[in-house]
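Pasting the structures here.
Okay, so chain A shows up in both of these, paired with chain B first and chain C after.
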Partner chain A sequence: MAAGVLSGVRQVFRGPRLVSAVFSCHGQTLSSASAAVKSAPDTAATEKILNFPLTQPDYFHLSELFTMKDLFEARVHLGHKKGCRHRLMGPYLFGSRLDIDIIDLEQTAEHLQRALNFTAHVAYRGGIILFVSRRRQFSQLIETTARECGEYAHTRYWKGGLLTNAPIQYSPGVRLPDLIVFFSTLNNVFQQHVGIRDAAKMNIPTVGIVDSNCNPSLIAYPVPGNDDTPVAMEMYCRLFKMTINRAKDKRRQMELLKGISASV
Partner chain B sequence: MATLCKVMYNVSSRSSLLPKHCVFTTLRSLCSSDASGGDGKSAERVKSGFAAAYEQHSDLRQSGDRSSGDETSFASLLRRSALTQMGPAKDKIVVGKIFHIVNDDLYVDFGGKFHCVCKRPSADGQKYQRGSRVRLRLEDVEMTSRFLGASVDTTLLEADATLLGLIESKTKE
Partner chain C sequence: SRRVSPELLPVRHICVSSSLWKKNLAAAGPQKFTQEFIDKQVEEFEIGKRHLANMMGEDPETFTQEDIDRSIAYLFPSGLFEKRARPVMKHPEEIFPKQTAIQWDAEGRPFHFLFYTGQQSYYSLLHDVYEKILAMERHQDKMRNKGLLTSETKQILLTGSRWLLKEEIEEYLVENISDHDYMRLIQLMEKLLSMPYCSLEEEFILKFRKQLEVQSSKHEIPALQYDPQGVTFSVADGRRKTAKASITLRDSGSGNITINGRNYLHYFPLLQDREQLMFPLHFVGMLGRFDVEGSVEGSGHSAQAGALRLAISRALLSFVSEGDVEKMRQAGLLTADPRIKERKKPGQEGARKKFTWKKR
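So, the complex of A and B:
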């Protein structure tokens, strides 16, 4: 799991253009020229802060945030009818009862754990996270969640070249998100959201809640689960908010400790 | 343990004709053997009456504690869930809660994946507010249909139910 996270995070920092970020030290360690600028113990401490969490399987203790019973009570296991099923969602389904697809919560729990762990590591390293959903019923909820954890949300119409044509549509040095979280991977006409394909083109990793009628193939960390019930969406929003806040608090704490040990 | 000895005393005093001191010694030996045999491992004699019942109930309680660990597996949660126990959704009576109102449309959540939308009835119309509990007769948990030329079903993202009435909630003691 740590190896998977490592490769994901390295991919993140090669793709988008970094202008100025608070924790852009990792970008500098990749190019060895500027390493000599910093004093030796400072770089070593920074590297330790950045690399040590990647060696632990659950550094942020995210397994205590949810249990399978919580997922069950939030109706995460309920899928659409059998006729709406996407063929690639077959492996994630427990079965079908009276034509209703039931999503296997044991697999969902593992996938959710992986997705939250990746989100936490991205937030720890100061990455920009973008929440995307085209469900108008939950757009208010997702926007408030993004505001509360200090990240960004895009729950409106997705303009064509938002990611692929960003330097022209915005400004030449714009920074793209380092992680895109899809709370629903379909748009309002039941087609796959354009953002999934564009994020894959721009080497931006994606986390997505895939229901039984969605295509999970282009998403880096799919989480099979219900995306139509308000209880389930509130639970996902709460989990992602807690993960991101936990990771950011941990980073602030480590920076403080580094500051204290450097001054001593 | 004291109650066990008391009951054994009654049983043996009714059945046996031994003098009192022998009864007490047999009682003590019976109590001690039962204390060890109550674990269910070393008992040689066939137990009857209260002893057998006590053993059976203690075994049942132990097995009950063990099986509560399996309750948290997804398969058992699903099997015991209300939605599975209900069976086919056609003509089932469920209780729902109104969570949104738009003029005369009531959006009711009854615990399924989707909500259902019902028209406000003419009788007692003003009593249906956000948070009221209502009775519904379910027709379908999700309204879907396969149209000609399509590869997947088209879904309306809603359930289908008829409103039966309010649940009069009086304070119950």
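So, the complex of A and C:
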């Protein structure tokens, strides 16, 4: 039964991808379902489970997961030197002190809240989340995080057509990720990771931790913050893991409740 | 401009050449077999095996693969030189190439967390090895805190084994990896081995090492026989180019050497040939101990000397200890010289010599 419900969810994502920007913090719902969704028999309960969370601004109570003080203590506000600054990161910076750019934590908190909320909603609806990073220092940590929350990771060399030529790279009928989370948007030669451009081409929403030397333009939910310090990375991994686990547990809970109410 | 509905637009007939209809064999890749097809083949194989056993008059229950091979060779005798072209009846697992099954569940979610990297087994292996390295470092720190850190920890025995080759790793992972990937994996395993507490992961590491066979155990040692007089002797053969030699080594205590009924001094007037005969005995230090009686035919004097030398070395194996066998093998005494006369090719004077080259 649960499989039937989740296949309904998959049909939602199978349709032509209107970018599923869920502006839940504004209270509006722009559902990504195209008109041709076939309804299952127990549609009313399923649709309630899927649509009700989208009406709430913070359905999963993610604001209690972190405070600005936590971000400060994890050194998220430390950017790179002034000379490495990217032109488009200007608005996200608080200023610079002794030539080091300081990221505005108020904006970071807001962006992080939005990004975590979006991730939670995608996980709630059974979407595939892919963690990407090219920093070898944190590769093991990110892979472990992905394994622990039941999602996927790619912290290795990115082969050419992984997203754009998927039926050939994998097998015909493969399902692409529904959300890509970049823990570092640069690759090992300080150029923008190919995955950002490819995800934009394939209409896959992205969440990315952008440091002061990164380009935030193609990313759907940028989170300005430090991507070099181990403390900061551990914090991000912990936050994403807790969000995804919370969302999945909530979904299981709702399914159980639906099962109980249907049998009653 | 007004939008025209699709029904009113002029219909375009697109002409396509027939080459597009033909199956593009090159692009199709290796043939894929479904699981049902393989299962059916396995069933047919089992039934066929029983029929074959009945045909040969043997018990179908205890009919092994060697029996099948023997029966097929008997029923379908083939004179083809290429062994792989002869009729064969093997289990479908060995005939059809192994294919990876579908990697995701009913909802399309892949099973493995590294599926999207493209090389899930290889990267998962790297992940596990690195996890073990980190665990070992943590263990080391714990021991250091307790004050129990010593350098005399149990070491893994690595002599007599080698790392698995790239092809063997590919077979183990059921995935293709590049040379760079293979090098990276071996480097990571070496790093694991370099840590003091590597004996904790001994079982894991030995999975990736292959035992080398001891070469000296492959040599066939001729049996020691006894004369009516009680003298031990052994017989062995040797070949070189077209010369065939047979030697009888008698443990009588005199150093006589007789070849084809004549003394070796008469048979081999050249010092070089006599040295070849002496070398095996001189190497093991038993020069004056044996009586050598040999017969040789074919080829020239140098080849005959070489054939006799090989025969003497082989005969000596039954008188010599294990360590000396290995020493003789490493000295090259037990290796048959494979060099033969190279054939003459058409368009040339000889095997290598060409006709005079004229610029114009």
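Please note the rule applied: the second predicted complex is superposed on the first by the 224 of 264 C-alpha atoms of A that agree within 3 Å, B and C clash if a C-alpha of one lies under 4 Å from a C-alpha of the other, contacts with A are read in each partner's own complex, and residues count from 1 in each chain.
In this section, a contact is a pair of C-beta atoms (placed from the backbone, for glycine too) under 8 Å apart; a residue touches a chain by one contact, two chains touch by 3 or more.
No experiment lies behind these values; they were computed from the predicted model shown.
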- Message: For A:Gly83, using the defined touch cut-off, is the partner it touches chain B, chain C, both, or neither? Pick first, second, both or neither.
- Response: first
- Task: Please indicate which partner A:Pro177 is in contact with in the superposed arrangement: first for chain B, second for chain C, both, or neither.
- Result: second
- Touching A:Ile102 in the superposition: chain B (first), chain C (second), both, neither? first
- Message: Quick check on the superposed pair: does A:Asn226 touch chain B, chain C, both, or neither? Answer first, second, both or neither.
- Response: first
- Message: Tell me the contact category for A:Glu64 with respect to chain B and chain C: first, second, both or neither.
- Response: neither
- Query: So, A:Ala146: does it touch chain B (first), chain C (second), both, or neither?
  - Reply: second
- Task: Give one of first, second, both or neither to describe whether A:Leu162 is in contact with chain B, with chain C, with both, or with none.
- Result: second
- Note on the structure: Footprint intersection on chain A (chain B / chain C) at none
- Can you name the residues of chain A that touch chain C in the complex? 3, 6-7, 10, 126, 128, 130, 140, 143, 146-147, 150-154, 156, 159, 162, 169-171, 174-175, 177
- Residue ranges of chain C in contact with chain A within the complex: 102-104, 106-110, 113-119, 123, 127, 130-131, 134
- chain A-facing residues of chain B, complex: 72, 74-75, 77-78, 81, 83-84, 87-89, 99, 109, 111-114, 141-142, 144, 146, 152-155, 157
- Task: Sort out for me which residues of chain A touch chain B in the complex.
- Result: 67-69, 72, 75, 77-81, 83-86, 94, 97-98, 100, 102, 104-106, 190, 213, 226, 228-230
